[in-house]
Amino acid sequence: MIAEILVLIFMPVFVSFMGLLFMGIQRKITARVQNRIGPPFYQQFIDVMKLFSKRENIGHNWVFDIGPIFAIVGMLTTMLFIPMGGFRLLSMDGDLIVVMYLLVISGLGMALGAGASGNPNAGIGVMRGLTLMMAYEMPFVISVLAVMVYYHTTSLAEIVGMQSGMWALIILPLSALVADMALQAQFGKKPFDQPIAPAEVATGPIVEYGGKYLGMLMVAHSIGMFVEAGLFIDIFLGGGLLFHQPGIIWQVFNFLFWVLLVFALYTLAVLVNAIMPRYRIDQAFVFYWKWPTIIAIIGLAYALGVSVW
Amino acid sequence: MLEFLNPMLRPEWMISLLFIGALLTYFAGKVSSALRTTFAIIFSVFVAFLVFLSGSRDVLTYWRPSASPMGFRFVLSINALSWFFALMISMVSALTIVYSAGFGKNTEKDNAFYGLNLLLMGAMLGVVFSGDMLSFFIFWEIMTLASYLLTTLAGKRAEKGALNYMIISTAGAYSILIGMTMIYTRFGTLEFSGLASVMGGADPMFLLITLSMLGIGFAVKAALAPFYVWAPPAYSEAPDSFTPVFSGALSKLGPYGFTLFMYGIVGLPALAKMGTFRGISDFGYIIALLGSITAVIATLYAIAQDDIKKLLAYSSISQLGYVMMGIGIGTSIGVAGGLYHALNHAIFKTTLFMGAGVLIYTTGSRKLSDMGGLGTKMPITFLTMLIAIFALAGIPMTGGFGSKWLLYEAAIDKKFVLIAPLAFIASVGAFLYSFRILQSAFLGQLPERLKGAKDPSPLITIPMLFFAGLLVLFGIAPGIPLGIIASVESYLGIPALNVSTYSVYLGANFGAYNAFTVMTVITLALLVALALFFIAKKSRKVGQTDTYMAGEVPEHHVDLYLHYSMNFYRPLERIFAPYLRNRLERLYDAFGSGYELISEGIRRIYTGDVQHYVYYVMVFLAVMILAGWWWL
Amino acid sequence: MIKRLVSIIILAVVITSLFMVLSETAPFGDDETVVSHRYIYKGVDETGSANLVTAVVLNYRGFDTLGEVTVLFVAATGVGAALYTRKHPVRKNKVEASLIVKTGSKLLFPMMLLFGAYIFVHGHLTPGGGFQGGAVIATAFVFKYISDTRYSIDHVGFTKMESASGMIFAGLGIMGLLLGGYFLLNILPNGTPGELISAGILPIIYIAIGIKVGAELTGIIDRMMGVEA
Amino acid sequence: MMFYFASAALIAIGIYMLMVKKNLIKMILGLSVIDSGVNLLLISIGYINGKTAPIIQPGVSPSNVVDPLPQALVLTNIVIGVSVTALALSVVIRVYKHYKTLNSSEVRDLKW
């Protein structure tokens, strides 16, 4: 009981720390790919420190304040419901659909706050974000559905447990491919970073946020990175379980492997990001509803065929 | 304590109270408007209270008029299913009457408005309480007529939509009548209790035809896929204080009809005889598929609307598609999800239409792009609508999540790979259009002319707050409504759902949904976030127009440019426009004009010359005689 | 020409088949029907009317006759409505009648009235009845109209007479309803068949009908005469 | 048999008038002729060979009279026929006032 509570407290702190670290590393990687030197890998920590300790914060109204708070609430809640490597905090109660809906709280709260700011750039950003969400949800949902149909369960813990023999990535490669494409948009990386496109809409929804608000958003973002990647790992990469023995040591190893997988997925997205231009939002929409959806449908048909007959 | 009310807890009492109340209200309006409004509120709220008290006790009433030549018995009964729907209907209707009293208009039309509202409430209760098809049909028609008249009260603009509604409803009613006649000629009884014992043994073909005939009539009310064309104009043009009932309560009669006939009368085993698809009947599968298709199409239309009532109208169609999907699937989870979603939809859509009415009253416009920034001016309206929108979008913590979750689980459980993705996408679309309301009406910049906006009178806000409270309550304790639904399911002969107050357990293959855990975790996370927020330096409030504009001075074009809600989803609309140009309406139009063309041709034989008519008569006579000789 | 040919062919088909069917199903001069059998053998005893046609018209099918009177009334009303003019119709002088016509009509007019009255009063004894008598009375008024270009009936009086007779008919029917339980019950004694005062209420009804029909037909004639075309 | 033939001929003539004649008054005359034909037909259906009028009086026994029912019907029919003719004539008067013609094919306001 005490151990669980300790984990419960430790996990968010650890995850946000690692998230910020990864973001620093990715800036470095992007810079190297683009033949720049780039900021030091600990730049993100400096930024967050600075933002939180800023003397003057500017707010508009109480709805505006909701944004960052909801962003953190949504991400923290979701994180507690997904299995993270060896650690299953509340995931026995969790359910894939519940998790997918909990994930939305953060975005919706963010959109509320951005809308309340009254800046048209924020409105455009929110519109793009929601449109993009509708775009990538189509292939993503179909590919996740393939997994749920194949294992005939919607419980995340069950799905992870059933992959102990073989990862879903190997059984359902097409679905995994599509889910990774959707992950690119979930991370908000190019070519799907229309919502925050800095050069067009002055980083979109967060245009009005500064100081502690922006700091909270950065923390939420770093947790979100783990949540989104972790969801993919749980569904397709066997939950990052390398060792199936009980015992705290193995559990820690499993957790480290999970973090490694998150880093790998994130780096993959960053590498794509570094060399890609940005789609227009309607191009992105058409893209997602065309090829990834077709591939996802084929994957779903395959999963259905294998599991029913 | 309320023992003295016991003799009144009978369906015929409630219905006749409302019908008498309708008359009294109408004539009281001739005397004084305050008296009329008081009457309307007292009658509706009292009957709603009676319905609430009557619980699910089995009250069966037979009533046969002395001079009934065919010997039909009119049966009224209260059972678990009808009580569930009656509760929903009476709650929505009564509170909407309270709500409309808050606007305090005093026109001659208001007499008719309140009278018809009570009449409609009585007719709807009659539909759900009736225990035989004849009274079902009679109340059904009273209901259609009353709602048609109520819609036309909005004035000239509503007439076309109301006429559409009436025509399609009449077609649906004829369809019901045909199905009813077929059943009567086959079995010789119209009582549900008698039919329930014989319909199960009927041959599948007969069942299919009768169920389809009845189904067309119900599908019209439920605005299911090919029959939804009446709904957007009728919902959006109806009077603002009637639309909550129209969309919240009246549309639920379609799902009620399906549930009653598919499960209450025909029953699962007989349905299965018609052929099954992965464990559920083909008929149910088609209904479910139509429901999910409706959900997606209506969602796409809703995203593109700038008119708040039209947006909500399309949203209603889409949500009813969900309900039909759940009822069509027909498993324990599916029916529970469908009924639960019907309840949730009744509550949140009523709240949203009420809020829309307030917004239209305040701003004088139905266009979302004419509103903006009202969130801080009208906090109660904003909060209630926010909760309703959360429920609509299915965010956990509100009732809407539980029902959507059940529906997805039902689809995935049966591996319906066509239905499940459609339902998911419609749900994502729901985020889009519901956020459009928030963004355009409550967030962003406040136009100059709305500076004086404020929350409406308590008569209006109390019903909205009540509904919002219900949604939150259902979000924390889904066991309360689901417990009632479980008893409905066992009444219908479907395996009942396993629920406790806070959690739902569906079986080994599914994760349980424990609303209490989710709630606790969210609260904890909220505490953490709030702590983070308040530990840091306090922020300074600046004006709403004081935003980052890349060096522009914003004063001159505040209204026009700073509020980004005109053509909100333009890119998306551009993509879908070629596919969604009102195809179905055009199909109906083509049918109508073709019919007109044929009639025009037939009309040509009336030349206006009397002698030609004599010729027609004689030629016809000669042909008949010759044919007679030939055949005999 | 082709039109006439076609119509003749069609007519030939229709009429021939009508003729053939008739001579097959109801050969000329065949015995009476079952319903008539009852009327013929029981009619006199049941109604007291020597004239069996009157027995059928007024007693067995009395309700029909009420309807028939109504039809006539509606027709008269219809004629009035169709020929309605805002001014009171004034007869235009056409050709002045010759002396013979004038004198003859003066001589014949009371006789014709009397004859008409005779016909409807004896409706239950001899051939004829209210309708025929009424028609004769109307004919008398036609004579009047022909002989005198300025003649016009007393509209108010005629209307009152017509209404009164109609009310007598209906009132008798209702009386039967009150006294005996059904409409047009014969509430008076039948008497001896063949005598003038016999057959219960039938003579009264026929008198009422005669007056009514005479008044109505005269009204129609008056309307048509008064038209300025 | 003669009577059947005559009534059929009368009906035929009446219908022929309706179909061919353009004058509205002649058409109404045709209607009247049909009326007479039908009346004659009904009466002759009711005739029984060698029997007398249905009036029971000394010397006439019930077994010796013809069928009274068709006669009663004809009585009704005559009255109806009179009504129809009167109404039709008055309508024709109206038509003539309005169109200044009695030609039926020129009165075509009923067209469409």
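Read from first to last, the chains carry the letters A, B, C and D; within each, the first residue is number 1.
Just so we're on the same page, contacts are C-beta pairs under 8 Å (C-beta built on N, C-alpha and C of every residue); 3 or more make two chains touch, one makes a residue touch a chain.
Values in this document were obtained by computation on a predicted structure and should not be read as measured data.
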Which of B-D and A-B has more C-beta pairs touching across its chains: A-B
Centre distance in Å when chain B and chain D are each reduced to the mean of their C-alpha atoms: 63
Centre-of-Cα separation between chain B and chain A, whole angstrom: 36
Inter-centroid spacing, chain D versus chain A (mean Cα positions, whole Å): 96
Chain centre separation in whole Å, for chain C relative to chain A (CA means): 100
Interface hub residues of chain A, defined as touching at least two other chains: none
For chain B, residues contacting two or more additional chains: 615, 618
Sites on chain C at which at least two other chains make contact: 7, 10-11, 14
Chain pairs that touch, as defined at the top of this document: A-B, B-C, B-D, C-D
Chain B contact footprint on chain A (complex, rising order): 12, 52-63, 65, 68-70, 72-74, 76-77, 80-81, 90, 92-98, 101-102, 104-105, 108, 111-112, 115-124, 126-127, 130-131, 133-134, 137-138, 141-142, 145, 148-149, 152-158, 202, 207-208, 211-213, 215-216, 219, 280-282, 285-286, 300-301, 304, 307-308
List of chain B residues in touch with chain D within their complex: 603-604, 606-611, 614-615, 618
Chain A partner contacts - residues on chain B that touch it in the complex: 373, 375-376, 390, 393-396, 401, 404-405, 408-409, 412, 415, 417, 420-421, 424-425, 428-429, 431-432, 435, 438-439, 442-445, 509-514, 517-518, 521-522, 525-526, 528-530, 532-533, 536-545, 547-550, 561-565, 568-569, 571-572, 574-575
Chain C - residues contacting chain B, complex: 7, 10-11, 13-14, 17
Residues on chain D engaged by chain B in the complex (per definition of touch): 15, 18-19, 22, 27, 104-105, 107-112
